[in-house]
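Each of the next two complexes has chain A plus one other chain: chain B in the first, chain C in the second.
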Partner chain A sequence: MTRYIIKRILAMIPVLLGISFVIFTIMSLTPGDPALAILGKDATPEALELLREDMGLNEHFLLRYAKYMTNAFRGDFGISYSTRTPVFDEVFSRYPNTLKLSFFSIIFMVVLGIPIGIVSAVKKYSLIDSISMIGALLLTSIPGFWLGLMLILQLSLKYRLLPAIGIDSWKNYIMPCITLGAADLAILVRITRSNMLEIVRQDYIRTARAKGAGKMRVIFKHTLRNAMLPIVTTIGLCFGSLLSGAIIVESVFGMPGVGTMIINAIRAKDTPLVMASVLFFTIIIGLINLIVDIIYAIIDPRVRSSYGG
Partner chain B sequence: MKADVNILRKTKVKRRGQLRSIWNRYKRNKLAMVGLFLMALLVFFSLSAHFIVDYDKAIHQNMQERFQEPSLKHIFGTDQYGRDIFARIIHGAKISIFMGLFNVAIALTIGSIIGSVAGYYGGYIDGIVMRIMDVFLAIPQTLLAISIVAVLGQGVINLMIALIISAIPKFARIVRSAILTVRGQEYIEAARAYGTNDMRIIFKHVMPNAIGPIIVQATLDMAFAILSIASLSFLGLGISPPTPEWGSMLSEGKTYMRDYSYLVVFPGIAIVITVLALNLIGDGLRDALDPRLRN
Partner chain C sequence: MKKKILEIKDLYVEYITEDGIVHAVNGLNLELEKGQTLGLVGETGAGKTTTVLSIMKLLPEQIGRITKGTILLDGNNITDLRETEMQKLRGNAVSMIFQDPMTSLNPVLSVGDQIAEVLELHQAELGKKRIDERVDEILDMVGLQKERKVEYPHQFSGGMKQRIVIAMALACEPKLLLADEPTTALDVTIQAQVLEMMNRLKDTFSTSMMLITHDLGVVAQTCDSVAIMYAGRVIEQGTLKDIYTAGRHHPYTIGLFNSIPDLTKDTKRLSPIKGLMPDPINLPNGCAFHPRCPECLDVCRYEMPEESCYGTHKIRCHLYK
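Take a look at the complex of A and B:
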């Protein structure tokens, strides 16, 4: 198992190198002078040239990339053009907010999604099933940012129940979490339902019933446990889409996370900040995929034995 | 010669029979038919947008008529510049649907070429190409699109490039796996034994037999593209005003939504209907093309 984890972490390195290389290449090829971006239009040509030399912008592209990556591995991601503070500090002061938002959304999604999926599967073709299936269909088609605006319109502006922007209290997280989790909640409901239905058909469920196991025991112990693998995969995959959804949700609700930082960095053409935030997201998503695979091994003995652990 | 014609005729009949049975299965699915109806309506609106309401009304500023609540004259009201929201939504449909379609068409073409080459030849080519695709697939599509816009800069063309690049890996993977499943079939071997060249085998024999999952993915991806265009424009990274795009309408309307909530309601509903229609069609097609998957 340990060997497997190490192997997986090592496998992330080429992915990160690939992504950083692609971003670095495009950013170097697109017009725009970082020195000009830092010093502003009033800078003298001499000052610009000096800064370019200082930043190593006159060196060969591959050399610059190699330098960037070696520094990045040491935790030095350069200086932000717009705030002039180290990029690393900038990203790390904001990432807890983004992770908190994504984490709460996952909880919202799991707490609601799995039970609704189970009820839908158990009461197949009932009214509850139809309502939850149509609800799920609608939720997958509603853009997150619009759902957010509608929630603000109703809950903040009309009934004044929840604050619309900021992150001052736990109340600030309610609407963003609903907004962010909604689409993935719908996916989770559908996956839970269809997998429960798939497992219910298996012979061993019939055997369990024949042996006199109670209804609840059959549902939770025999069916859900076996349907869990694809459900866990879905939750893991959702984390990726949640993180990118966070970019949009954070801007709707004015939350100071990595998402709003990316948008501001794009607008300001702040290359080091964009680069670092995209890498940050990729690392997090890679780690989550790894955690999902480890959870597999915990819940499914068959997977565990294939790792020889 | 005569035998050839007979065989041709037979295959034609068979193909039509297959299409018909797919259509019959699709027709039975009520939700899928609702999706098809909505989509037909949207396509009709976007094609006849210029006849329904003048484009000028959608972009021309008329300060005397700003912030008119929905009424008979302006059924969805007017915005902060006095532009008719109904006109903007109708013309916005044209932009969203055609940009979505264009995006999927290009991404599908490039993805198919990459995926079919990788799947058909296998070996080193497959390994290298698919590892590169994996790098892109490691990032969620929206984030990838935003990152590409980040490096290319804002604007319609850059937005399209970003969406196309971010969709290619998915298509490449689907086409590749579809091709892998048909590659070993005997009729492919027969075609090769007959001396048919590789490109002809890929496009004439392999692709038509692997098309099902690809069409489904294309439909769902068009929904995703339309959603992404709206999302990125909402963030100010895509189509900017005064072009009537739904996402940028929402972004503009957001400022005034405290007093004029209709500004953010109608464009949102337009997006929901379009995306819903495509999702319904996609799901319906999946069930109709492969009845085994249905549960």
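Take a look at the complex of A and C:
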């Protein structure tokens, strides 16, 4: 198992190299001049040329990439073109906010989605099942930003229950989490329901009932555990979409996360900031996938033996 | 007269499907004496599995239901028992072994835990430690090493899995064991071993057994009595001797015996029964076998024959009155 984890972490290196190269290429090939962005429209051509030389922008693109990667490997992610502060500090002051938002959204999804899915499956075709299926359909069809704005309108402006913007207290996270998690919550409810229904039809569930197991035991001990695999996969996949969804939600709720930072950095052609943000993003997704696979192994002994010991 | 462990009287079971109502069991009568083994034989679709699922009350919810009849287990009527009452009986007084060992074990629980679960459900008073020892003993009885109880189903072969299923079914020493084609999915050599083991264990625990099979050879080796089923009814029933010796037989029974190779006779070819099982949604009037029967009489087309008794031997056919 440990060997498997180490292997997986090492396998992330080529992925990181590939992604960094693609992003670096895009940033270099798209039009726009960082020197111009820093000095403004009124700068003299001499000043611009001097700054370009200074920032190493005149060197060959491959050389610049190589230099960037060597520095990054040593932990030096450069200075942001636009804010003139070290990229590392900038990224690390904002990532925790975004991660917190995504993590709370996941918890919101899991705590609501799995139980609703289970109840729907157990009470198939009942009123409660119909309500949750219609609810799920609605949630998937509503655009996230619209839901966010409606929540602000109702809960903040009209009833003054929750703060509309900022990150000062846990209350600030409630509406963003609902906005961000809504669509994925709907997916999770459906996946849980359909997998529970699929597993209930399996022969070993009949065996469990033939042993004299009661309804609750059959649902939780025998069915849910087997239905968990696709559910865990879905949650892992949702984390990726949550991180990207966070970009919109952060701007709706005025939260200082990576989302707003990446958008501004791209506008300003702030290559070091964009690169570092994307690389962290990749690492986080990679780690989440690894965690999902480890949870797989914990749930399913067949997966465990395929990892070797 | 000997005590009966199981008595089924006039049982009707139907499945509600999109195409119509499937009449899977239609007035079935069946008796099993204590300590004996009854072989339940019949073509595919005859309603054998449905019969045992009815005894366990494990018919698919909302689709299958018992519409008429009584089932007595050890003299007690279990037909109208509530689900919670049934749960106390299942795995305890009456156990079932399913057809396919490959899919009957839960893939995410260790086999030891799965065997222990039956004991936890019905003999919780034993305590954790004693249950653990019992699991070791039972594994030993079915010929598996007790060290392997921490392993998971995918680490065992088909024959071993069926041994585990049998261990689970016998853990609480049930009065009645319902075995639905327990060896069909296994290799021929393993089949014999597993059957021999089931027979031995059944005697150790003085359990009565109902064995469903297609194999008349297996019946001859393991059963005390035989019931032959056709379209949801028992059409002939008797001791092994009644059924296997020449004399009065239902034409369907004769057909069944003619369709298996007989090594003692020099027959050139097998003669399978002509035609197909009737559609259980639209059963023919009269005797359900009459469209395929070589000795069909006029009366067979509109009147269901009564059961004629010759001592232990019972036949449902108009030829015998």
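One rule holds for everything that comes next: the second predicted complex is superposed on the first by the 307 of 309 C-alpha atoms of A that agree within 3 Å, B and C clash if a C-alpha of one lies under 4 Å from a C-alpha of the other, contacts with A are read in each partner's own complex, and residues count from 1 in each chain.
As a convention for this text, contacts are C-beta pairs under 8 Å (C-beta built on N, C-alpha and C of every residue); 3 or more make two chains touch, one makes a residue touch a chain.
As the structure is a prediction and not an experimental result, all values here were calculated from the model.
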{"item": "First (chain B), second (chain C), both or neither touched by A:18", "value": "first"}
{"item": "Contacts of A:145 with chain B and chain C, given as first, second, both or neither", "value": "first"}
{"item": "Touching partner for A:202 - first (chain B), second (chain C), both, neither", "value": "second"}
{"item": "Which superposed partner A:281 touches (first chain B, second chain C, both, neither)", "value": "first"}
{"item": "First (chain B), second (chain C), both or neither touched by A:49", "value": "neither"}
{"item": "Touched partner set for A:129, first chain B, second chain C, both or neither", "value": "neither"}
{"item": "Greater chain A contact set [chain C / chain B]", "value": "B"}
{"item": "First (chain B), second (chain C), both or neither touched by A:222", "value": "second"}
{"item": "Touching residues on chain B, where the partner in the complex is chain A", "value": "31, 131-132, 134-135, 138-143, 146-154, 223, 227, 230-231, 234-237, 247, 250, 254, 257-258, 261, 264-265, 268, 271-272, 275-276, 279-280, 295"}
{"item": "Contact set on chain C toward chain A in their complex", "value": "56, 58, 83-84, 87-92, 95-96, 98, 100, 103-110, 117-118, 121-122, 152, 154-155, 165, 168"}
{"item": "Chain C-touching residues of chain A, taken from the complex the two chains share", "value": "202-204, 206-215, 221-222, 225-226, 299-302, 305"}
{"item": "Residue ranges of chain A in contact with chain B within the complex", "value": "14-15, 18-19, 22-23, 26-27, 30, 137-138, 140-146, 149-150, 152-153, 157, 194, 197-198, 240-241, 243-245, 247-248, 251, 262-263, 265-267, 269, 274, 278, 281-282, 285-286"}
